[in-house]
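Below you'll find the structures, each written out as structure tokens.
You will see chain A twice below: alongside chain B first, and alongside chain C after that.
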Partner chain A sequence: MFKSNNVAARIFERQIRTPAPGTSVHCARQFYENLVPSFTIYDVECPDHSFRKFTDDGQYLISFSRNHQDLIVYRPTWLSYSCKEEDCNGHEPPAKAKRFESFFHQLYCVSLAASNEFICKDFFLYMESNQFGIFATSTAQIQDAPLMGGAIPGVPSIEKITFHLLRLDDGVILDEMVFHNDYVILAYNMGVFLYDDLLAVVSLRYQTIHILQIRDSGNFVNVRAIGAFCQEDDELFLNSSSQFAGNHVDPVENYQSNSDSSFLSGIKQRLLSFIFRVTWSEESDKMQRVQNLKKKFYFHFQDYVDLMISKVQFLDRHHLLIKFGGVVDGGLSRTADHHPSFFAVYNMETTEIVAFYQNAADDLYHLFEQYCDHLHATSRNSLHMNFVSSHSNNIHAQDQLKCMKNKASNTSQFVKKMLSSLPFSCQSQSPSPYFDQSLFRFDEKLISAGDRHRQLTDHPIKFISRRRHILKFKIKSGPEFGSTDGRSKKISSFLFHPFLPLALSIQQTLFLQPPVVNIHFRR
Partner chain B sequence: MGSMLGNWPSFDPHNFSQLRPSNPSNPSKLAPATYRPTHSRTIPPPDQVITTETKNILIRNFYHHTEEKMRPKRAASENLIPEHGSKQPRPSPSH
Partner chain C sequence: MYARSPGKFGENSLEAASAWKRRLNSTLSGAGRKEGGCVWKVSKMNSKGLDISGGKSSPSSTATWVWTRSASASGKRIQRELAELNINPPSDFYAGPKGDKLDNWVATLTGPPGTPYHGGIFFLDIKFPNDYPFNPPEVVFKTRIYHCNVDSAGNLNLDILKDGWSPALTVTKVLSTISSIFTNPDPYNPRSPGIARLYLTDRAKHDEIAAEWTLRFAK
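The block that comes next holds the complex of A and B.
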């Protein structure tokens, strides 16, 4: 902690004093209290693209064309102009400087989608180590597509989903991975998870988790597919057994079309046997054991069999956290009270289920409270993501959580609500130090590190310094003097640069009018 | 052994008998080694290798929860037997 609040005094102090061990990043971050994006350029004239986000290393700004076919990548720079007057600080920047191009330099524009495809503008994953970007294009959704090859009913189908791997440096498309007649939730990266170089893709339609590896050379490599089979050679083993001998049709189709008469899927078998063993171990008396099994396992057997994989995240390179829901409704499993959802921890190497919890489990909530950072599963390569404020690493966020818990009238409902955010989506939080709860206090309902859209408010959003309780800067989205049209619904989104005092606030109406973009920066 | 302190009474005459070079770059200058453990309880086993646990604390907790649930519980009937163990056999009435 610095003794003074003056930035020059802090710099001198930094020269002579070493920060306490392990706090060098926190000490460096305190300078963000002095350098804040307090100046706003309202309604900048900018190209009509939908801006997605800054990459986590701050090198690129990703945006998509309005027709969802092209990708445009910008390099964030800074404006430069010279002022020959006497008192330069009092002057506004010249009108020539107040342009979008002063801050962003277009690198390239690449067409990703063919004529009948659209880029999912809410999907983007970044591999920082190689500066690779992953984008997704898809054709239109088809409800009630014919069920083939093990597809489960109730899930829509998309004829072609393509994941594109691009080198962001120059926009070269390195590889593509295509899924046909499948369904993956692409919005806000919910159906995928990137951890280091491993990408998990949840195919809801076929109830399979595909694990892909992204090589340094820029290729997608299939590692395994968890669902019907768990080990890589399960399929070979089953096909070579006598039950399937003599059938020369496509082995996968043959197996899966027989699925209701022969075996349950591999992952379901692991799950059921785990639940059986846990229920078996609960009682030691033989009679009570059987009664317990009847009550807790066999009575709910069909419910367990009907569970659907809905979302997945990595916990480390070998372990997955899988959410199972009762009903897959349009791809999004709703956790209604009569459809409880479950969480399972699965070890990919040993193919064992390690743990299994219901969505209102207190012990899982306890782990969520204490080790939320580990649940965010930041990869080893991006150290700055370890400093995103959460209730496990920040006392102010922890206080907020405790307040909410004490205010909740029903603890079981509160636990369910908190655990419904699991498994976390990857790369959904901004690493900007302005969202650090130890530095600034702000209204979480209006703005936060998450990347979801918010309801537009005409009032500026205040960032108040934690240490000194004074207003440091304000972010006002929308036009400078408030909007005249109060009826149409407006949503706003905020893009903060990871380390520069630069932010974009974008206000959109829902009628495809061009958005209003403001640039907030430190003058 | 001719100690530098002469023949003064000492707790253990071997305490300052081991000599080690005080400066690794100058091995000829010897000084008595002043640390002598009084017991050997804390010496690590000779084949001990220290490595980092690969599983992070969250995953260790998951495994721990499951181990707790899977641990066989004591049967209710076993709890009636006292835990003392060392019981004298009763002399049979026929003796």
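The block that comes next holds the complex of A and C.
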């Protein structure tokens, strides 16, 4: 099945040949082998913004002003110029190619943050169906804020976190949702997950998962809060039926006694009763069951009670994958490998825990290995995201994972390490075809579909064709004329357009110098 | 104090017999029995000379010595109760120590069928005092329950956990009593008078609310 590298021949071939039934999805992007962002314009004259990402439909480039107060949105366009000479490709592109404005057209600039607030530059969620963008602003973080109303000790506090809902078409702010004296991890969308029109926000400080709905009209609506209670009307029900109880306490005192009570929170009650039932049914013999409960349940009871909700993702509209972790020295442990953590699948409609796993559980790893795409819950109407490579839809990625697994000396450590990426962060992967592992091979240590910053390497990053094993293009993020002074460590990030052969590479020194932006595109 | 309890709870001969066995095992509780409820504290102080565990220790200060000694005695007693509970596991409740702390237990009660508590799993926290079994354990519901003998903070109104306590009682006995109030609430001795009133006047409504509570808070 030889495929020519000639564009005209491939177009012709595409016209007359249909792929084998059911395989068209695998061939749909093969044409990208011919269209690669191999040309680089270094150090583009560029406004001093911090660039966040392309939206997944490729319509917008999101950037924030350097003072983290304004949002600037660009529309990607394409450099166009005319060439009078004969051999156009031999010439350098015209001088205007050095300008950022030749590739991107500014749509608008909106001020999001008030004086003491700042836009969280690593947070952005895009609701593709309505072209809504969700942004977050926050005030500074306070380490030892007074604990009020059931706040967890050791978790920092932010006086005001505001989520802004914007119509990206014209930059109109449609709605805001404010969390006061709370703590949500905003970096890389860690504490927030968007699925269709449902938004889950994890309040670490109050151990509550807020489920919001984004209406087509452009409003945030509180659907429910999972934490102290499970159903949206539990608290109302409790207060109304407490009146039947007719205790000799006035309502205010009654309410306080409820909030400070030693009762297990709603989600913990569900969790503990689930673990109890599972442990109970593990043994059929009465005597052994008692021993089993004693060893496995009661002995660890307090540990289960002390577990904290640390991250959440949607699996579908009803199911949440919740990570429960421990607290280490008054803060959430970042190196979670060493501490036991647990995953629970929770149905928020029936308020049932469906499954519960430890972070070294082989059965969860099996699901992770085989059905990773189901864990990458993407919204129904997002077409590009179906192409994101994972080890359960791509044989090369699977080989890589198996290779890593075989190399790992300690299987349980390996499982823990792999599962530490769960729950997945929302919209953290680029759907760009150049990260499609069935098309290109590249060094995942240097570049990947994930949107993390990486340390800059001086070596060019090579993209090698999977089918033909030849170098298709290189991305060189360092300046061509080797002027890296070597002293200051640099951090680079890559923004790939979801479907055009267009990418930005941004290098940022650790100091407050303006970043260097390179544009990679197909000439 | 002690003399009152057997009559009140109708301790059967079996219980009395097992209490007798315990009395043989533990000089402490034996002393308590002989001399009556209010004298046992003194007898405990006296008994230090009588019953030295191992007989090898030479205490530096009387006060701390008494404390550790009584803690270990209560520890032994708790351990024995745990063993008893494991040998004869009851079917409607389970209990075990929380972590490696012997004086803090968790119990799980399942709502019996035929009651509005059916299907619920109720967790209780049991804290043993240092001088257990001379004082009753503290038992608190950790799961919300709509019951006339339990208040809005989960505290129980049970005579055997207060004045009706006797060193002859055990955790097993306490838990089976709590388990029995699921089926037979005692509205004439309420902790939540409003619920008791509703129980007496409109039983159907009471059961409906209690079932809803079980569904919402005890699943």
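The criterion applied here is as follows: the second predicted complex is superposed on the first by the 483 of 523 C-alpha atoms of A that agree within 3 Å, B and C clash if a C-alpha of one lies under 4 Å from a C-alpha of the other, contacts with A are read in each partner's own complex, and residues count from 1 in each chain.
Just so we're on the same page, a residue touches a chain if its C-beta (ideal position, glycine included) is under 8 Å from a C-beta of that chain, and two chains touch if they have at least 3 such contacts.
Given the structure is predicted, the values throughout are model-derived calculations rather than measurements.
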Go through the superposed model and pick first if A:Val345 touches only chain B, second if only chain C, both, or neither.
first
Touching partner for A:Leu125 - first (chain B), second (chain C), both, neither
neither
After the superposition on A, what does A:Val202 contact: first (chain B), second (chain C), both or neither?
neither
Which partner, once the models are overlaid, touches more of chain A's residues, chain C or chain B?
C
Which superposed partner A:Leu375 touches (first chain B, second chain C, both, neither):
first
Regarding the shared-chain residue A:Lys294, is it in contact with chain B (first), chain C (second), both, or neither?
second
So, does A:Ser284 touch the first partner chain B, the second partner chain C, both, or neither?
first
Please report the chain A residues shared by its interface with chain B and its interface with chain C.
277
Which positions of chain A touch chain B when the two form their complex?
277-278, 281-285, 315-316, 319, 345, 354-355, 363, 367, 371, 374-375
Could you list, by residue number, the parts of chain C that touch chain A in their complex?
85-87, 89, 91, 94-100, 105-106, 108, 121, 123, 125, 140-144, 146, 151-154, 192-195, 197-198, 209, 212-213, 216-219
Could you pull out which chain A residues touch chain C in their complex?
230-231, 234, 237-238, 241-249, 254, 257-258, 261-264, 266, 269-270, 272-273, 276-277, 280, 286-287, 289-291, 293-294, 297-303, 351-352
For chain B, which residues count as touching chain A in their complex?
54-59, 61-63, 65-66, 69-77
